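In what follows, a structure is listed as structure tokens, so that the remarks can point back to it.
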Amino acid sequence: MARLTPLHEAVSDIIQNGDTVALEGFTHLIPHAAGHEIIRQGKTDLTLVRMTPDLIYDQIIGSGCASKLIFSWGGNPGVGSLHRFRDAIEQGWPRPLAYEEHSHAALANAYVAGASNLPFAVLRGYTGSDLPKVNPNIRFIECPFTGEKLAAIPSIRPDVTVIHAQKADRRGNVLLWGIVGVQKEAVLAAKRAIVTVEEVVDELDAPPNACVLPRWAVAAVCHVPGGAYPSYAQDYYERDNRFYQAWDAISRSREAFTAWIDRHVRNTADFEEFKRVFAETTKSKEAV
Amino acid sequence: MARLTPLHEAVSDIIQNGDTVALEGFTHLIPHAAGHEIIRQGKTDLTLVRMTPDLIYDQIIGSGCASKLIFSWGGNPGVGSLHRFRDAIEQGWPRPLAYEEHSHAALANAYVAGASNLPFAVLRGYTGSDLPKVNPNIRFIECPFTGEKLAAIPSIRPDVTVIHAQKADRRGNVLLWGIVGVQKEAVLAAKRAIVTVEEVVDELDAPPNACVLPRWAVAAVCHVPGGAYPSYAQDYYERDNRFYQAWDAISRSREAFTAWIDRHVRNTADFEEFKRVFAETTKSKEAV
Amino acid sequence: MDALKTNTGVLEFTATEIMTVAASRLLKDGTVCFVGIGLPSTAANLARLTHAPDVVLIYESGPIGAKPTVLPLSIGDGELALTADTVVSTPEIFRYWLQGGRIDVGFLGAAQVDRFANINTTVIGDYANPKVRLPGAGGAPEIASQAKEVFIVLKQSTKAFVNKLPFITSAGYLDGGDAREKAGIPGKGPAAVITDLGILTPDPVTRELTLTSVHPGVTVEQVKAATGWDLKVSPDLTTTAVPQSHELEALRDLLAHTAKAHGQSAGGEG
Amino acid sequence: MDALKTNTGVLEFTATEIMTVAASRLLKDGTVCFVGIGLPSTAANLARLTHAPDVVLIYESGPIGAKPTVLPLSIGDGELALTADTVVSTPEIFRYWLQGGRIDVGFLGAAQVDRFANINTTVIGDYANPKVRLPGAGGAPEIASQAKEVFIVLKQSTKAFVNKLPFITSAGYLDGGDAREKAGIPGKGPAAVITDLGILTPDPVTRELTLTSVHPGVTVEQVKAATGWDLKVSPDLTTTAVPQSHELEALRDLLAHTAKAHGQSAGGEG
């Protein structure tokens, strides 16, 4: 049953060191504020799952919170490489990062299987690809009726899934819309879920057949306006493409990255303070 | 690509004798007008698929159009038995009806597998039930990762799926809402789909993430206002519960059934004439 | 059976009424309940309208958190969609919500049950040559196996309560003892069978259905006579608490609204 | 490469522009196209804005029938959702629409391709000890195998066009000949690789990528020099038709709108 709670409490109570954690959001509604809180609280040994480990995972990985990553596309969309992700994989900094690599179709199916409480997902996929050669969690099974060969991968069942949504009502029911990605599946595949939201309202006023997560399917709802920034929240604010570009320079060196994370995340009390500090540093940079 | 076409043309062109045909709709949006047109055109040897063969299949089966039925619950909801369905199964009238019987969960999964172009569906199910003893299409497979035993059934891939929806636009894009059941999956699992709609509009005005079937996923869209009657179309008209009750008496004897079908379906030109005749017979009956 | 009237103080109620009230009381507030149509739906909605305002009612057609003001006649009535927190597809209901392990209570009706609370809704007689062809499985096999626990509500008679079922549609405790666990069925199984005569619960060891409560004015002999096996009676047999006036009022209001809206009162899948 | 300018009558265009225009022309009107981000998205939207107004653009994040007026920077831009016929979940996109067999054309970019049009977007060097770690598979393996046919668009160089890939992320024709069919891959495979120098298409028998068209002003030797294997040249080699003014105008307008909206012009998954 959802508690409406501050984000630091939710992350502190619900995410344990060593947990398998999925922060999902496909370009849209990426839970950056929650990612920062994970860094701020110095969580360690996390197995991170995410189809598209972009800036949010670059930050968490670079901060040393993760020991393993399960993913299907790791890049800074429209910009280039994720330097912290590559540094962890290629050089083991700040700690070695094990990784398990899939295709988008496979991970999307693995979340569906997790939400469905099945141990594995079946898909037509991976044929001709070298990925099965390097990932022992890609296997092939036979259809018991036709004999056709199909790919199978383990379902994803995170200890905790974290998403960002547009609205919750005061009882903790959640509504999201637009590009909803794998968020519903990721929440229902997890043992516990944290949802940060733009707005807490009296009535959700959900359209018919909308993507609603009832309060009893969610552990905590946290009111964090702007919590997807620099990602976007449809009908609230747009993606800050400039920050995605700026991240390339910030993240290129270990020193610049660490300085940025210290100043904006580790040395801020919460997302509100992050926003203030970020506004200041951005302004002063633009003034230069 | 959807053609906007009269229903009799769609049924004539798209449904062939011997086809596997699914008419879906879970209480809501049941495509009765299309079912009548199948009877009117004397289609034969159909394999019918439907989770809940209710009045619509009682009528089609009683009219001798079907040789096989795949289903998971066959009854007149809230009233009792389907007499034509039982007569076909128990007495072979008007012709023997082979049947394959599943649970709702299994058929829903089989439609999902069909829409996903997979040959089979996997579910936790049927454990302890006698259904696998009488249905060789229920098998068990092992998870290639955990060894867990899971049920498997063949996917459903109808030649034709028929559904009723609230709206289409003039290009043939379809919108439905409310209880959407397995309709999207049934349409996408099929080789060809016919959609009857309450209304053809200039703009669908679909809410975000609504259940929309794009025109290129549908073979024909037919404007048939009231085409779900005596089922309902949310925001258009309510279910006629009295007709569901009346059907019990109409369908109890072969003679009364045949007289009703002849008068209302076989001897009417189309659904518009059905509605006129039905209004007359209903009025005269109430007058008695 | 409905003609049975019992005097308890000033209140009069029918056997169906006490069955429905007794069943409704088993639903705790906040429970997530997968609701079968007919008697289970009546009892679950009565619970929601009385002691369990936060019970979450899920119907297999797709509504989650339905709060109908009139009882649905069928499992996909518009009233369910219009009053729900959201409506999802039928595959999603079975995959993410039931199989996903998110249902506390499955509330089922049945045509027949046996001494180990297995359910038949498929056929009486031989499967290939049925004496009576029943509607079939519907959602029951997976509700019975995957809900954390199950309540079954049906009227008691020797036709309905049989020693051995001609066909097990949905698993209760199979052959009893730990047969259910051994078969790998995830949910705990039927916690109670609520009838118009009393309440039967499984013996903790043998899992045989045992009479643990009789409704006021009903004798143990009446219950045994309506059971197709030698029904065991709990040494701690109690008498079902009589329906309270607010329960009866809520139930009668609900049925009156339903009859007014529908012109009928029963219900079924479809 | 973009600095390359060719004079054809009055029109001037860059190598990237003719690559994009040539790619866009391959998309027929009414085609259902699964669009990769970056160059494929530019070409697909150019097709939609010129000769193929009814092309259906599907992005893996969920939009079906997207009609963006500015190019998406990432695969999940709000512009895609706001202009789409509908937005479904990412699992549904991959399950019902791509795997469901409803995609006519998969339009992909690549880091590297080999002579049989296999694609690498995973790693350069050894997988366990990468020289360069690329972003990974994304949607490509299943787009490459399940779309009825595939177009690949990327700039030509010996780094990108290699004889043998260090890693096959997404299947083209594997070892050539009927290897793809034998592997049981449903889609027909890459129909064309469109570069900034010309168009390569698979030999009908060997499936080896063969130069079938050079862009105006480009020599065969230039193309061979930019290819990491001994590139075969079709006996029916043609010269790519020059971009028409309405095509160039539409492309430049689109890029100008995009730059204005985003302050950048590339794109990626995520």
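Each chain carries a letter (A, B, C and D) given by its place in the written order, and its residues are counted from 1.
The rule is simple: a residue touches a chain if its C-beta (ideal position, glycine included) is under 8 Å from a C-beta of that chain, and two chains touch if they have at least 3 such contacts.
Keep in mind that what you see is a predicted model, and the values were worked out from it rather than measured.
Listed here as common contacts of subunit A and subunit D: B.
Ranking B-C and B-D by contacting C-beta pairs places B-C first. For the pair subunit C and subunit D, the distance between mean C-alpha positions equals 58 Å. For this pair, subunit B with subunit D, the centres built from the Cα atoms lie 42 Å apart. Centroids built from CA atoms put subunit C at 28 Å from subunit B. Residue positions 81, 87, 95, 99 of subunit D are each in touch with at least two other chains.
Counting partner chains per residue, subunit B has residues 112, 117-118, 123-124, 148, 178, 180, 184-185, 208-211, 234 touching two or more of them.
Shown here, the protein chains touch in an arrangement that is not a line, ring, star or fully connected set. Pairs of chains meeting the touch criterion are A-B, A-C, A-D, B-C, B-D. On the side of subunit D, the complex with subunit A involves touching residues 37-38, 60-63, 73-78, 80-82, 87, 89-91, 93-95, 98-99, 118, 122, 127-128, 130, 133, 135-142, 145-146, 167-171, 174, 180, 183-186, 262-264, 266-270.
Every residue of subunit D that touches subunit B in the complex is listed here, in rising order: 30, 32, 56, 64-65, 81, 85-88, 95-96, 99-102. Those residues of subunit A lying in contact with subunit C across their complex are 1, 112, 115-118, 173, 184-185, 188, 206, 208-212, 214, 216-217. The touching residues of subunit A, counted against subunit D in their complex, run 26-28, 51-52, 54, 71-82, 85-86, 89-90, 101-105, 108-109, 111-112, 123-131, 134, 148-149, 178-182, 184-185, 232, 234, 238-239, 241-242, 244-245.
Looking at the complex, you find that subunit B touches subunit A at residues 117-120, 122-124, 137, 139, 141, 143-146, 148, 150, 152, 154, 177-178, 180, 207-211, 234.
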